[in-house]
Structure formats: structure tokens, C-alpha cells
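Order as written gives the chain letters A, B, C and D; numbering starts at 1 within each chain.
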Amino acid sequence: MSEQNGEIRIGFYVCHCGHNIANIVDVAAVARYVAGLPHVVVSREYKYMCSDPGQELLRQDIHDHRLNRIVVASCSPLLHEQTFRTATAKAGVNPFYFQMVNIRENVSWVHEDPAEATLKARDLARAAVRRVAAHKALQPKTVSINPDVLVVGGGIAGIHAALTLANAGKKVTLVERAPTIGGHMAMFDKTFPTLDCAACILTPKMSAVKNHPNITLWTYAEVTKVDGFVGNYTVTVKHKPRYVKEDLCVGCLECIDACVYKEAKVPDEFNRGLGKRKPIYIPFPQATPQVVLIDPETCIAVKSGKCKRTCVEKCDRLAIDLDQKESFDEITVGTIILATGFKTFDPKRVSYYGYGRYPNVYISLEAERLINASGPTSGELILRDGRRPKTVGIVHCVGSRDKNTHRWCSRTCCMYSLKLAHLLKEHSGAEVYNFYIDIRAAGKAYEEFYDKLLEENVHFIRGRVAEVTDWAVIPEEEGKLIIRVEDTMIGVVRRIPVDMVVLAVGMEPQSDAQEVRRLFNISCSTEGFFLERHPKLAPVDTFTDGIFIAGACQGPKDIPDSVAQAGAAAAQALMLIDSGEIKLEPNTAYLTEQNCSGCKSCINLCPYHAISYLDDKHRASINEALCKGCGTCVASCPSGAIHQNLFEDEEIYSEIDGLLAERSPESTAV
Amino acid sequence: MKYLYYPGCSLKSTGRPYDESLRAVFAALGIELTELDDWNCCGATAYASIDENQAFGLAARNLAIAEAAVTDGPPTIVAPCSACFLVLTKTQRYFEDYDHVRDGVTRELAAAGLTYRGHVKVRHPLDILIHDVGLPAIAKLVQHQMKGLHVASYYGCQVVRPFATFDDPLYPTSMDAIMRSLGAETVDWPLKTRCCGGSLSGTIKEAGLRLNQHLLVEALRKGSDLVVTCCPLCQFNLECFQKQINKNYDERISLPIMYFTQLMGLAFGIPEKELGIRRLFIDPLPVIGALKGGVPAHV
Amino acid sequence: MDIQQTSDSSGTWQPKIIAFFCNWCTYTAADLAGVSRMKHDSHFRIIRVMCSGRVDPQFVIDAFARGADGVLIGGCHPGDCHYMEGNYKALRRFHLLSRMLMSMGIEQDRFRLEWISASEGEKVRTVINDMVRRIRALGPLRLPAGLAELDGELKTREEEILHV
Amino acid sequence: MSDKPKVGFYWCASCGGCEESIVDLAEDILGVLDAVDIRLWPVAMDFKRSDVEAMADRELAVTFLNGAIRTSEQEEMARILRRKSGLLIAYGSCAHLGGIPGLANQFPREEILRFVYEQSPTTENTEKIRPLTSAEDQGRKTTLPKFFTMVRSLDQIVEVDYYLPGCPPTPKLLLNAVTAILKGELPPKGSVLAPDTALCDECPRRDSKPVDLQIPEFHRPHQVVIDPALCILSQGVVCMGPATRGGCEAACPAGNMPCTGCSGPTSGVADQGAKILSCLAASSSPKEEDEIRRVLEGIPDPVGTFYRYALPTSILRRKRMPAETPQAHQ
């Protein structure tokens, strides 16, 4: 239903949102007030406008009262604008004759004085009513979706997402910056609460990725550039030099034996420096792909050129190329899944736990490697000073639930600490103490696992550890690490001497999360993890269409949750791909040629080169396909010849006027 | 480098060696210290618990006159005494963060015909030495390498807590780094920010002495030849109660406790008279002088 | 009838601030402030634009001329702009415009540009409270009223002029 | 009595240049004089206000009024002429936009009077005598018009039918207007009788402007030698052309001077100054805040530069002077 003889008929709806809005804003008063504004035919309040009955109310009114403009005052447009536009369109009114007023996030949730809040709600409503009168009918542009997908990050989340998509027949490129996929999970010994071996469940998936016909696996590679928009992204990937030809190497590892270094001397990353490797190495036995690489920092040949190059001679497949340079690939994809994972908290930041000062203080990942059969001590629990611990203390919440480091709960530490307690006891028969604030065992079979540990008489002391010190005040403490903690169960401060301390470090965003965020044009939440479009309703979407997030890059997660999210992200990508096309917000700029003087001021302002200069006509010309709708050129055009759909000057002026108008509604002529 | 200097009451009395050695060392490093004209008590008393507004006002007066004193660039106050540093820093922080404090202080100062715009930076000598001067510059001035001297750096509780502006709040290392740049070896002792007994030594003596004893015993256990500190109260406590501790707890402690700036001065070859060494009760020179490459007796 | 917006229920003057927030960073941050229930002063009104680069200086001037006591522009931090460089254009316009406004008698504190990323809900609160505080100190701008008073010097009734 | 349409010319706060511009019609003026009967033209012929008041309403077919409104007398004449004229045409920048006199809207009335009557270097007025709006001498009352608090454009006083832009309007624009009036081929009421595209469209230097222009530094015309062939803006000199209505055939750029904006904005723009400001700032190249500040300092007087002719008709109209209470008149 469009405007009959140009008459503007507005329907206004203010939502209670249960009590969320109605508790602070006098919604009835707002509805009454708006009813008196020009062009307003219907003005109602309703408990939940986003509910079916709420939308039905809209449809019915549009029909009964021949409404051709709709204003809903409820939550943020970022949440429900689409909902109400769709409802408006269903009732036969162009969806862009709709305007939303945010009186929840911007009013009822942030203000306490009902009078002030109600006043503000009225102002915002009046502004929207004026604005909507100036709206125009628009047709959104649709673009097609390239079915190929890019997955960034080869941890368990990235692996699962890639396999899901590949099995659905989509072409996937998986980019991992490390020399192998597997991520953190590959470092674990066993997984909670089932205690099944991490390698046993992960490595099959890793080789599945390697061998899948639909997956292109690029390891030791990084995304350096992302152009385009949903359905049509162009991505540049940098391949870091391995100094080994990936296609020729079969992973026989003979080059490693041949290396002029007879002994492994370099601290090895995979074992967190607890073990050593040579300059030419393979990260770990099941590394995928099974390809060796050379670390340019320590390889004499690469660094100085002065080396017998025994490795090169040894390789009869001539796979080793010491002159390899970085190379670039450009691919086009329609959707992108980010699964870039997390970083463990650096306990050096909490100096009072002595990490880095006392050799026998470890972080959890190091403990994982120590008890791992394929670890540096082949599973023997041997400390840095060669001793075998008789007592071990596990300190929970290191870098979690702490205002001075990270406020959030890392969600996995309680459970992996329980797991480590079990395994450490199993491996060494040591007495194991857990120092915890709360045991958070929310998950299938998690609480049961906790019970099991209690029966294994692992000690649990409830209290945040104050410090780990070697300050011995009694002879028994000499040569030990003393854990000072308030035992809040018995209300005394205790000093517990132990041989080994394991710090259950929390999860934090990758150190380059901000750069990655910029690269893919998405946002981060306060903690620095990638920001989801909606915490509940769109947990794997981002504010940039076609880019999804999965796993711990969005927030601390354990394996099951990461895998679940990876599946969800894959499903979201598939949804786009299979629908084949997507409607774009029609907020593009356009030019009224007769007003353009050809002054060229706008041409260089557009970062997307959407504006060009027509030499024959001496006029500018805007390519709406390239325009992303920022409106910078509109604000600049000195002739007022450029306009922006959805954000017309007239629309914004009427919003300003509406917000500041102090005339009584009777006299407010638009 | 030019800074305003806020000595506070301690450095004019019990802490004079700190004042003298700090001035000498900073001068040697080419740092110009101008004593803040007409400074007053920082308010590190019970004042704050009696009338917060006036307590902040008292401290803020120093900030206000400092702000007025400097025309080029933001004024920086160097406050060596831990208590002064803490109180002035706190006042600055609260002035920035809390409207009611800002308004209160503004009122209090107005009564004295003063205004404060909140531009003063309050800094500690350790901060200046580490971040403005830098360790290489310090090392360059060293004439007598403190080789083989085992030093325990003691920070006390106030310089880094609760406002850790320039170092780790629980395991600071700036003083240790400076000591190492003098050629000394620093002992890694866990009690470097633990309570020295503070004013307890004057009130609940037993408690004060116990805390005090812990520090001294652990410092010796870690093989320290002497303790350097940056706090007048800590220096006083640790040095002056050793006899009593030996008597009460049957210890044999005689451990020199000096200001870190004094050791720097000696290393720089500044005559000990200018460093107030003689004002110390336990003469550190024997243990230092005994060292190879240490300070010759004549200085 | 309409409540006089210049004053609160108790009748004392309250500032009116118009805030142009970019969709991607600052508007999202304001939503975050809402979701986090960060209470702050209510005397501002947000207008959502896609990018701070869309804020035409005419909008700012118009807002003042229609009775705003302050205008706030919120955009993504430099380097973070969802449209690559819109915020730089906003920054350059801001500097020239605030100089222009000052020579037209509109104090610096009344016009402000802030970079607030989607994660900085807290910053929305502090910026708004601070701006309201500063503008309270300055008092009302009352441009429309001021001009209306000046037009009082004109003769509106022709009879006063035409002696025929 | 001829039956030729009666025409009036009148001037308010103006420099007289607009009057000159009528003579600039050169020989064409003869044609005009054949076609019309000039009844009111203070610069050329004597007149009495009473004569005008005595005219029948709309007796004058057209009145071309130039100059801004600054005094009560000018306001009154504007109102009278509005009534006596079929068409009232705001002639030239001052009547159209407020013009150069409009720049006075940056200063308080009192400050202006004090300068003119007391402080200007050429003034000797030790008794600080100020003119009065009315004075009695030997039973004779003499009056002077009131000096208003601010300068206004004509349409801020009375309804205006058409505008002829320019400082002054070019003979061509005037001739076109007169012809259109005589032929009765006028555009919709309220139109500006000039093209609605900006100056660049008719600027001889247009094609020399680069499409990727970024301005690294701003210069004032006296600081550089302007290349006569190249776009003036591309040489870092502020040119109002992009934000100024054409119709003058880019007379100033053609004479190697930047456009200063006398014809005001095009119909799509509410505030000429704000728009050129937006355009120039966006097109400048620096990114670092300090650098931005420094480069934009190259435009030392934004108001005087961007609002040289259109301050009274800009959105803000006048500098805010909170101290000043609305003028109570003597």
C-alpha cells in the first residue's frame, strides 16, 4: 500500500519489552503524546512488538488504517530493524517506509529517572515520526554469493568448520599461520572429562583435512589483505618461506638427522621450550602436513650461507631450497570463517606466582607436555631441576576472574586442572593440591568428573593463592616452594610447601587480534575477543556480512563448545551459499546530475573508487555497485548534488528538528 | 632534565641522608632539581580519616603551587618519600577520577586563593632514573664497580601499591636493575615489598619487631651484604631496631641499611660526606670497602 | 501540550546535546553501554549515521541553530573505520569547523569529536557525563531565542510605516 | 504618461557598485530604456519618500533593490517598495545574501559605533558625541534612522520574488532578467535568476583540476604566484567556486583571482560556508592530528573566507554575543 494522493499516514508503536522499557519509560504517555503529532493515524503501546502478535498488530493496522509509514520505538535497530522491516513489507508497505526508535539500549537501560527517560523517549519518537515522513520507497540491491569459503585458523574449530563445509561439497581454503594444523588441542595429553587421548581424536581429523579433495590446506601462511564484500571477497595470502618445497617433501625426516647440528640445541616451540629441536625440524610427529621446515633464525646456511648444507645433500627429492622467498596467492571467496583461537595468559604478569623466577613453577600447557608420552620427557614427570615431585600444587584462575589481569572466567581451567590433577597423580603418585575460588564444572559429565577426583583424594583448598615463595620460615619449608593462601573453608592463612607448582593460566585474545579484526573489518568486544553480532541470537555472525567467527577467538571455550560453534559457523556460511544471493542494505549514494558542476571534489574521497569523472559530460558518476554507503562524499559535495539513500539530508534535518522542537504537538507542522 | 623537588618532612629530618644523596646523585647525572617553594605537609597522617576534603586539599595545595610554578610544559614533581609519593599520587588520581574530590579540592583551594587544573605529574626518583635517565647513563658514571657486593633491594609497601605507576606492584625490579648497573649483585628475595613494621614499631612493638625481623633474617639468608631502600620509614625501622631484635629474638643481626641513592653516590665516586653516610647508625663502608674494586677508605 | 525540554521536572535548565554516532563503532558502543546497564546522564540524543564521515558540517550548525547546547560526533578510532578513512575526513572537518564555530561565539567544549570503538561502552558513559558537565558549566547557548529577540527590533506592522 | 512598465531601482546598505552595474549594460541600456519607464532611481534622479508612499500599490511593475538592510529607514523603504511593486527583485549579493556588509554580524553594534565615531584613526571626537535617532533644536525635530543590531538580507524583511546574484550582477544576468520579465517568461517565484550549477561548470580552468586532488598546504592569494592556466584550488589557494552558484562565467578565475563566493550557494545547499569547509577539509591530505591542525591553520579566517557574502543568510546568521542584551533603542 503506497501513499494515496500523497497523504502520509503514520502508525506508531511503543514496545514495553516486558518490563525492560516500561519500568522506566512511561510508554502510555509516549503513545498519547505521539498520537497528537502530525500525520500520526495510529499510536499504540504493546508488550512485545517483536512477538508474532506484535507484528500481526502492525499488519492489521496497516490494512485497517491504510498506513503508509511505520515507526516502532523499542530496542536497538541493530537488533530488530530487519524484523519490523519485514513485517512492514509483508503488509504491502515498502520496508524502507519504516523507522526504528531505540528506547531500550539508549534510554531505559541507561537512565534512572523515569521523567527524564520518558522525555527522552518522546523526543526520539517525535524525531522518528518526522523522519519517516521524509522517507522514500527503496529497492534493495541483491548480490550473488561465491560458493567458495575461506577458513582462517587450523585449530580444532577451523578444522571442524573446514571439514563440515568440504563434506557439504563446498570448496574450502584453510589458512594456518603455524607450520602445522592442530592448534592447542594437539599439545594436550588427554581431554576432560572422558580422558580420551587428544591425539587419538584429533589426528584423524587433521589428516582428513590434508586429504580432502575439497580442501586446499595452506600452512605457514597468513592472510595479508581482504577486499570486497559479502559473497565477493578477494583475499591475499602470504606463504612464509619454509626453505623446503612442500610438494616434494615426504617427511622422511632424514634431513634432520643429516643436519650439521648433531645435537638438538634450539628450544622447541611445540614443547614450550621444555625440549630441544634442530634448525631443520618437524613440529611434532603427527604434524600436518608432514613437511619439515627450516628456522631461518638458527640455520647457519640461511643466516650466514657458511654451512656444509648436509641436509640439502641428504634429500634425494631435492626438496630443500635454502633460497626460498615468501610468495603470495590471491583467492576469491564468498564467505569467511575466522577460527584464530586464543593465547594463554602470561603468568609473568602476576609476578607473585614466581613464574620465570622459580624453575619449578610451570604453566598448564607445560605440564601437559611433561606428562605426554610424546613429550620432552616421554611422559616421565621430571622437573627442570631433575627432581621428581612428591607434592604438586595447582593454582586456579591465574589471569582469570581478577580485576588486575582479566575479569572473565576462562571456563576451561577448572576442568583441565582437575584433569591434570588426575594425570599428575597417576604419573607420579604425588600429593596434589588444587587451590580454587569455585569449581566451575558446568558441562555434560563435568561435575561427575569432579566427584571422581574428590574420591581420588586430591586435595582441594578453597582460596585465591596470595603468593608462591621460597621464603622458608620453618625447616620443613627449606628448598620447597611455599604456596601462601587463605583457606576460606577453615578461615586461616596456610603455607603449603610443594615441589612443583602448576599455574592454571586463563585464555586471552591472540596478541594480534586487533590487527586481524581490522584486516577483516570486524569488531572486538571489551576483552579483545572478536565481537559476535548478537550474544544470544547471532553468536557466530559478525557485523560484517559473510564473515563468521568460531571457537576461542570469540571467547574462552573448551573443545566441545568450539566444535559446536565451528559447526554453527559452517551452517551460517552454507545458508548464504545455498540461498545463492543476499540483499544489500540500500544505503548507497547517488548523484543528481543537473546539480553537479563537475568540480571533482568527491572523486578522491571514495576509498572504493565508486565515483568517477565523465570527461565527455564533465560530471561525476557514482557506481552504486561499488558504493558501500559511508556517505562521506555526500557530506562533502559543495553543490549538494550527492544524496544517500536511507540517510538523505532531508531525513537527518527532520531528525535534528524533531529532537530539538519545543513547540506543542498541535502546532508542530512538518 | 628539570624537575620540581618535593622533599617532604622526612627528608628534612630522619631522612636527611636520602635528601643529601639524592641531590648529589641527580646533580651528577645532570638532572636539575628545584625545590618546590613554600611546600607543605603532604597529609600522610590520620588527616584523611578525619576530613577527606581537607586532607586532599592539603596535598593538592602542593600540586597547585607546583602547577603555578611551571610555565613551560606540564610540571613534574619528584617525591622521594614513599608516603609523600603515595599521597600526592592518590590526590592527583582522585582529582582526575572523581567529581566530588575535584569539586572538594577546588573549593578548599579557592579558600586559599589557589586554583588547580590537574596538570601535575607526580613521579618517584626510581621512575625518573629508569625511564628518563636510563640504565646505560647510570652505568657510565660508575667509577667504583660494586663487584661482588650482594645487595637486597627493599621497596616497602607504598611506592608501588596501590598505584603501580612505574613498576610491578608486588615484585618491583627497578631498584634491582639500578643496583646491577652499579656492578652489584642483587639477591632475589621475596620480601622486597613486605611490611617493615611501619608505625607498628611505635605502637604495637611486638608485631612491628616480628615483621621487621622477618625481613632482616630473610635478607641475610639470601646472602645479602646490605639492604638498600627508597623509603625513609623503612630505612629507620630496619636499621634502628636491629639491637632490640637481636635481644628479643636471640639473633646476631648487623646488616647495613642504606638509601639506594647513597650506594649510587659511592659508586659514582661522590665523597661520602655529601652522601650522609656518616648519618647512618650501621656504617656500610667496611662491607663495601672490603670489596675488590670497592670504595677506597679515603672517600 | 509538550513538556518544556529545556528544563527537567524540577524546572531547572538542562542541556540538550545532539550526538551523531557512527553505526559500526560508537552506536554499537552505546548499545553495549545499554546492555551493560551503564547508567549515565540522559541529556543527549543520538542520531545514527553509517560513518562519522557522513556528518555534514551543516548538520552540526543546524543542530546549534535549532537549539542544541552541544554537538558530539562519535566515530571509530583512526585505522578502525569500517569504511577505511571516513573518520579522517571527519577529523579534518572537525578541526576547521570548531575553529569556525569558536569565531562565531560557540565555545570549544560545545562541539566534540570522540573515537569510541564498539567495545568501549564505558567510554560512552564517561564522554557523555563529562560533556554534560562541561556544558552545564557553560550554560545554555539559546541561539534560536537569541535571534528571535534581535528580530524584535524590526517593524512588522506596515501601518507604522505607511502614512497614507 | 507612457504605458511602458514602470521600473524602480533602489539602494540600501550597499557600495553603489550595483548601481554602476546597471550602466555597465552599455548601449544595451538604451534598449531597456525604450522598453521601460524608470520611475525611481535615487542615484540618478531626485526622489521623495512621500512620492513613493503616494504611489498606488503595485504601481511599479518591477523594483530592483540592492544593498543589505542595516537601518530602520532601509527596512521601511523595503516594506514600502514591497507594497508598491509587482515584482521585488533582490539585486546583488547584499540584498540577496547580506553581502560584504553582512560581515559586520561578527561584531556587537556598540563596538561598531564606538569604532566609527570614536576610535577610527581619522576620527576626532573627543566629546565622544554619538548621533541620536531624534533631536530637538529650536523647536525643530530632526530624526535619524535607527542602526540595527545586525545586518539582514532583503528577504529577511519582506517577501522577495526573484534574486539577481553577484557582486555586482553581470550585465548579461541583468539583461536576461529584464528580457525575461518583459517577455513574461519567468521561472517559479523565489528563483535565483542564474544557473543552478556551481562555478566550476563554467570555469576556464576546469579541465586542469586533477581528479585525485589532495591539498597538502593552503596559501593565501598574496603568498603565491597563481598559475593562470591551472585550477586555483589545485594550487592550494582557497577558491569558493565549487560551492558558489555560476552565471558570472567565472569572471574572477578568468582574471586570475580565486572565486570569493559572491553569488551564494546553489539551491541544494543551505550553508555555503559549511559546505566549502566540509569539502576543503576532506580534500586536504594530512592524517596526523597536529599536521591537520597546522595545515588547516593555512585558512586563518574561516568565517571571513567562507562567509564573505552570505553570513546573514547562513544558518547561524550572526556571531553569538551572550554578553549583549538585545538593543534598546535611543
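Criterion: contacts are C-beta pairs under 8 Å (C-beta built on N, C-alpha and C of every residue); 3 or more make two chains touch, one makes a residue touch a chain.
Nothing here was measured: the structure is a model prediction, and the numbers come from that model.
Visitor: I want to compare two interfaces, C-D and A-B. Which one has more contacting C-beta pairs?
Guide: C-D
Visitor: When you average C-alpha coordinates per chain, which one falls nearest the overall C-alpha average? Tell me, please.
Guide: Of all chains shown, the one whose C-alpha centre lies nearest the global C-alpha mean is C.
Visitor: Find the geometric centre of each of chain B and chain C from their Cα atoms only, then give the gap between the two centres in Å, rounded to an integer.
Guide: Those two chain centres are 48 Å apart.
Visitor: Measuring from the mean C-alpha position of chain C to the mean C-alpha position of chain D, what distance in angstrom results?
Guide: Distance between chain centres, rounded to whole Å: 31 Å.
Visitor: Find the geometric centre of each of chain A and chain B from their Cα atoms only, then give the gap between the two centres in Å, rounded to an integer.
Guide: Inter-chain centre distance comes to 46 Å.
Visitor: Roughly how far is chain A from chain D, centre to centre by C-alpha average, rounded to an integer in Å?
Guide: Here chain A and chain D have centroids separated by 58 Å.
Visitor: Counting only residues that touch at least 2 other chains, which ones in chain D make the list?
Guide: Residues 269, 275, 278, 282.
Visitor: When you check chain C against every other chain, which residues touch at least two of them?
Guide: Each of 53, 56-58, 62, 89, 93 in chain C touches at least two other chains.
Visitor: Multi-chain contacts in chain A: which residues touch at least two other chains?
Guide: 605, 632, 635-636
Visitor: Which chains touch which?
Guide: A-B, A-C, A-D, C-D
Visitor: Quick one: which bits of chain C touch chain D in the complex? Just the residue numbers, please.
Guide: Interface residues on chain C, with respect to chain D: 53, 56-58, 60-62, 64-65, 78, 88-89, 91-93, 95-97, 99-100, 103-106, 141, 143, 146-147, 149-150, 152-155, 158, 161-164.
Visitor: With touch defined as at the start, can you tell me which chain B residues reach chain A in the complex?
Guide: By the definition above, chain B touches chain A via 168, 170-171, 188-191, 214, 218.
Visitor: Where on chain D does chain C make contact in their complex?
Guide: Residues in contact with chain C: 53-54, 72, 75-76, 79-80, 83, 106, 146, 148-150, 157, 269-271, 273-275, 277-278, 280-282, 284, 286-287, 289, 292-293, 296, 299, 301-303, 306, 314-322, 326-327, 329.
Visitor: So in the complex, which bits of chain A are touching chain B?
Guide: Within the complex, chain A contacts chain B at residues 351-352, 354, 357, 467, 469-471, 473.
Visitor: Which part of chain C faces chain A closely enough to touch in the complex?
Guide: Listed in rising order, the residues are 1-6, 8-9, 16, 18, 23-25, 27-28, 30-35, 37-40, 42-43, 45-51, 53-59, 62-63, 66-68, 79-80, 82-86, 89, 93, 117-122, 125.
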